[in-house]
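Below you'll find the structure I mean.
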Amino acid sequence: MQQLGMIGLGKMGANLALNLLDQGYSISAYDVDTSAIQQISQFGAKPYPSIEELIASLHPPRVIWMMVPAGNVTEKVIQQLTPLLNSGDIVIDGGNSFYKDSIERGLRLREAGITLLDVGTSGGISGAREGACFMIGGDNKVFTQIEPLFQCLAVTDGYHYAGESGSGHFLKMVHNGIEYGMMQAIAEGFEVLDKSDFSFNYEQVARVWSHGSVIRSWLMELTASAFAKDPELKKIRGVMQSSGEGLWTAQTALELKAVTPIITLSLMMRYRSLEEDTFPGKVVAALRNEFGGHNVTTHD
Amino acid sequence: MQQLGMIGLGKMGANLALNLLDQGYSISAYDVDTSAIQQISQFGAKPYPSIEELIASLHPPRVIWMMVPAGNVTEKVIQQLTPLLNSGDIVIDGGNSFYKDSIERGLRLREAGITLLDVGTSGGISGAREGACFMIGGDNKVFTQIEPLFQCLAVTDGYHYAGESGSGHFLKMVHNGIEYGMMQAIAEGFEVLDKSDFSFNYEQVARVWSHGSVIRSWLMELTASAFAKDPELKKIRGVMQSSGEGLWTAQTALELKAVTPIITLSLMMRYRSLEEDTFPGKVVAALRNEFGGHNVTTHD
Amino acid sequence: MQQLGMIGLGKMGANLALNLLDQGYSISAYDVDTSAIQQISQFGAKPYPSIEELIASLHPPRVIWMMVPAGNVTEKVIQQLTPLLNSGDIVIDGGNSFYKDSIERGLRLREAGITLLDVGTSGGISGAREGACFMIGGDNKVFTQIEPLFQCLAVTDGYHYAGESGSGHFLKMVHNGIEYGMMQAIAEGFEVLDKSDFSFNYEQVARVWSHGSVIRSWLMELTASAFAKDPELKKIRGVMQSSGEGLWTAQTALELKAVTPIITLSLMMRYRSLEEDTFPGKVVAALRNEFGGHNVTTHD
Amino acid sequence: MQQLGMIGLGKMGANLALNLLDQGYSISAYDVDTSAIQQISQFGAKPYPSIEELIASLHPPRVIWMMVPAGNVTEKVIQQLTPLLNSGDIVIDGGNSFYKDSIERGLRLREAGITLLDVGTSGGISGAREGACFMIGGDNKVFTQIEPLFQCLAVTDGYHYAGESGSGHFLKMVHNGIEYGMMQAIAEGFEVLDKSDFSFNYEQVARVWSHGSVIRSWLMELTASAFAKDPELKKIRGVMQSSGEGLWTAQTALELKAVTPIITLSLMMRYRSLEEDTFPGKVVAALRNEFGGHNVTTHD
């Protein structure tokens, strides 16, 4: 029986674990949140209260799937894991790490004989549970060695060995940049519908656009699903958070002199949505008042 | 047996006709290009050398599907048709007419007792042949009367009665605006890959993104298909034509004060691609030279 | 003594009139607001309670300067004026009319032997009072005939005969498009200062940038002036109104396939500032929730 | 007599030196290009063939003005200078260094008792010669000590002590970001003129906009000057180079979540101008061909 250690049992990690449990894997599970460990153990995963014990439960060569927040948390887990692992062990970072960090970590682990695969994971929660999309960077032989794992977790044709260390997370980063652009494009389309004199049924529009049109896509299906729950999205505010991958895409594009107005503007419209009032707006309003005596809107 | 007059036998019209012929329709066909009439007649359509004869071949109440270029051609055909039709006849404009024109034409035809349905058609050539997506505006009763026609031509759940006259073409216009944004988002993503130090296989990347990812979409599948034919698109130039619908979306958005940076910039990048050299570029280059003595690139 | 009829005594019209009075002109003045007529009469203008009486007060060939809101008001005044004027009379539309309207009105008045000069006026209120900038379209001979009027009203080198009818208002339209872009550029610069960790004195920054820098400009001087009154613009809201010229520039650019991302985005950021919450924002937030279970911000 | 060491005798450095020589300064001059040293010595500067000899020529506390390219060159000169200087000496980096580098270098030099002032310089070549604009960061007491130097070099009110180390170069960076936006706004305006049916005289237009208009600015005067030399800029190509400051502004804005579409797009249009053909353009063209059979433009 195949065994795998899963570190991080959030929305994505837990569902990947459930997916693997369904397919007969033995899963050693750990999370900083003990209730998350408890919960997954009810579905058959073996719960461990510490990373040390999780590692000890696995026979070398071990395969560890990390599904934890990018940045400090990922770094800390990598540092905890390093002394516990043996040469030949494999660590998969399935999270949204910045690709340059992954390259650096890959080199660091390689010195200890450990392989880091940087694996971008896409498909959302349902994808994690039922079949996702994986972009894989790192050592090709190690990838081949554990390819059956990705066959288990991915939809058909849903994984791709992208090349050297960092390439998996690079692809995921760019994937998310495209995602920002696509989402904003869809959103702007509905904005035009919303401001028009027609009375469209947004759910039905998103539904028909999901069937046979050029813009049919999973995001359009999700748009229909969202409107099905709240026909005019009256309950929610248009605050668009972002997790960092869109920013990295925009930054990387600037570095590379890659011209990406759509991806970058999509990100900026998200940042704009976080602000109730803006400083540039004040400056322009003040200037109009200065030269033309145009009225400004004041705080009451 | 159902009968329908098809005016316009280009890539879209011919394939819609073939689709209907497969499903047992009797098709009276006309095009300004007699070879196109000839060709479709080999598949069972009845060829007519003039619109007059085509109309005469149909029993009232007639259903005429127009699939001709938007603008002058559509207007001319409408004007030709009007005196030939009887009260109760139905004209479907399945092309990309501007929605305001469709509203006006609908009113004009209504005075003669004729119904105009403005029908946005999406799905490309393959969709026309095998099942497309339709957005339908105009009289609801008339739509219901000929709904089976759309059931024949559309993929499952692939047609939508959008409301009053003009709403079908409005939806199609906005659909194309979204399409521009989505295409540009995808294109920018590959631009970042292309400018990076990694060596990605673009076809395989587009392929994996088509399976299980958040950005899976028909456009991504087509991207894989395009790269399959020409792995780095070396044969073609990055000249991005546009047919008018993106422009109308951008113009309509401005009119409505709908904020659509992504759709509008996608259009502008297309216009930019039509120019080898630009006047704004010259102005900026000249200014840099003026204040800083920076070199300009001159024509040899 | 030179005489001129001034119709429209708002901020711009009244100050132009005062400017001309200072220079010995006889001004016949009219406004729909009788208090405005009253007020200007205290500075020596001759008050008339109706356009008819104003016209009657002037010796042919008359020169009428219209300084009224663009659109319906301008059109109405033109229609009122037409039957009252004689062949050889001159109407100056100094407002912000759309250039296509001005072309059409020019043709219409020409049939009655009347010349319309379309005159874009820039320089704000202080410019109107002390010396402004004029862009003049229409008949060249008529322009030459009244050129001394523009010498009176403009700063040195501050007027330009641009060419045929419509060219004056076209130039003013584009001038305002540039103005939108410049203002937004300045505003974004201060946004970066504002979000930085440094503690800048915005007034002093705008002041130093007004002296000797590459970006020195009247708008930067006005920025210093605005910050002098309210060091962090805390009293006003960032609501950016617009009067129409920026929209026309963006629309005209689209029509001409002129690539103008900066002017167009500047306009869109203004529209964005008019909205407290946005529909595209809701769509994106809802989508993130759909695929990733990301939290949305709800209305309380 | 005041003395100053000038390292870097390019367009900016040489003109600053000439400016100071006019005002009675004793200038010790060095450049890697010995002909530049030779040339400035003809105007009274003391030529030194090495930085060591230049430093030896000055009495402590020394004032050294560095006017060399940002990045590696600046770093190398700083490293050369450090062991040669004494506690109390002052180094002015008048170039376009990235502000974070300046902060780090300021800390490094401070350990040796040396003060680094980061001084953004604006005004172009003519400004350097006749009076420029300076944004100064670093120790306030040291600034006060050498304030007369800036009084000599700046136009009236043309220098500003911005605050702690790094703030001078931060201001200059943002200044250049605004400059990019302003230049692009002007350039887009002329693009609309150029694509219109009117026949404008661009020089005269830029000239009238420089007198009394809201958009009057040094950049508009330079625009008139450029058109005076080449009325339609036919001789030069629209290739828009950039020196790095606009990129840093865009990057810094992203880091700070400052919404700067105009500055960022201005930069991107510059990058776009460096490419004859584009990969995104190819992708979009290929996609249009895939779904709609639209023709692509191929390489011959």
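Per-chain residue numbering starts at 1, and chain names A, B, C and D are given in the order in which the chains are listed.
In this section, contacts are C-beta pairs under 8 Å (C-beta built on N, C-alpha and C of every residue); 3 or more make two chains touch, one makes a residue touch a chain.
Small disclaimer: the values here were computed from a predicted structure and weren't measured.
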{"item": "Chains touching both chain B and chain C, listed by label", "value": "A, D"}
{"item": "Most distant chain from chain C, judged by the mean position of its C-alpha atoms", "value": "A"}
{"item": "Superposition of chain C upon chain D: rotation angle, C-alpha, nearest 5 degrees", "value": "180"}
{"item": "Chain A and chain B, separation of their C-alpha mean positions in angstrom", "value": "33"}
{"item": "Whole-Å separation of chain centres (CA-atom averages), chain B against chain D", "value": "48"}
{"item": "Overlap residues in chain A, where contacts from two or more other chains coincide", "value": "124, 184, 186, 188, 191, 194-195, 214, 218-219, 257-261, 265, 269, 272, 278, 280, 291"}
{"item": "Residue ranges of chain C touching chain A (in the complex, touch as defined)", "value": "11, 124-126, 183-184, 186-188, 190-191, 194-195, 218-219, 222-223, 225-227, 230, 233-241, 243, 261, 265, 269-270, 272-273, 276-299"}
{"item": "Interface residues, chain D side, partner chain A - complex", "value": "214, 247, 250-251, 254, 257-261, 264-265, 267-268, 271-272, 274-275, 278, 280, 291"}
{"item": "Chain A residues within the chain B interface of the complex", "value": "122-124, 127, 131-135, 154-160, 162-164, 166-167, 170-171, 174-175, 177-182, 184-186, 188-189, 191-196, 198-200, 204-205, 207-220, 249, 252-253, 256-263, 265-266, 269"}
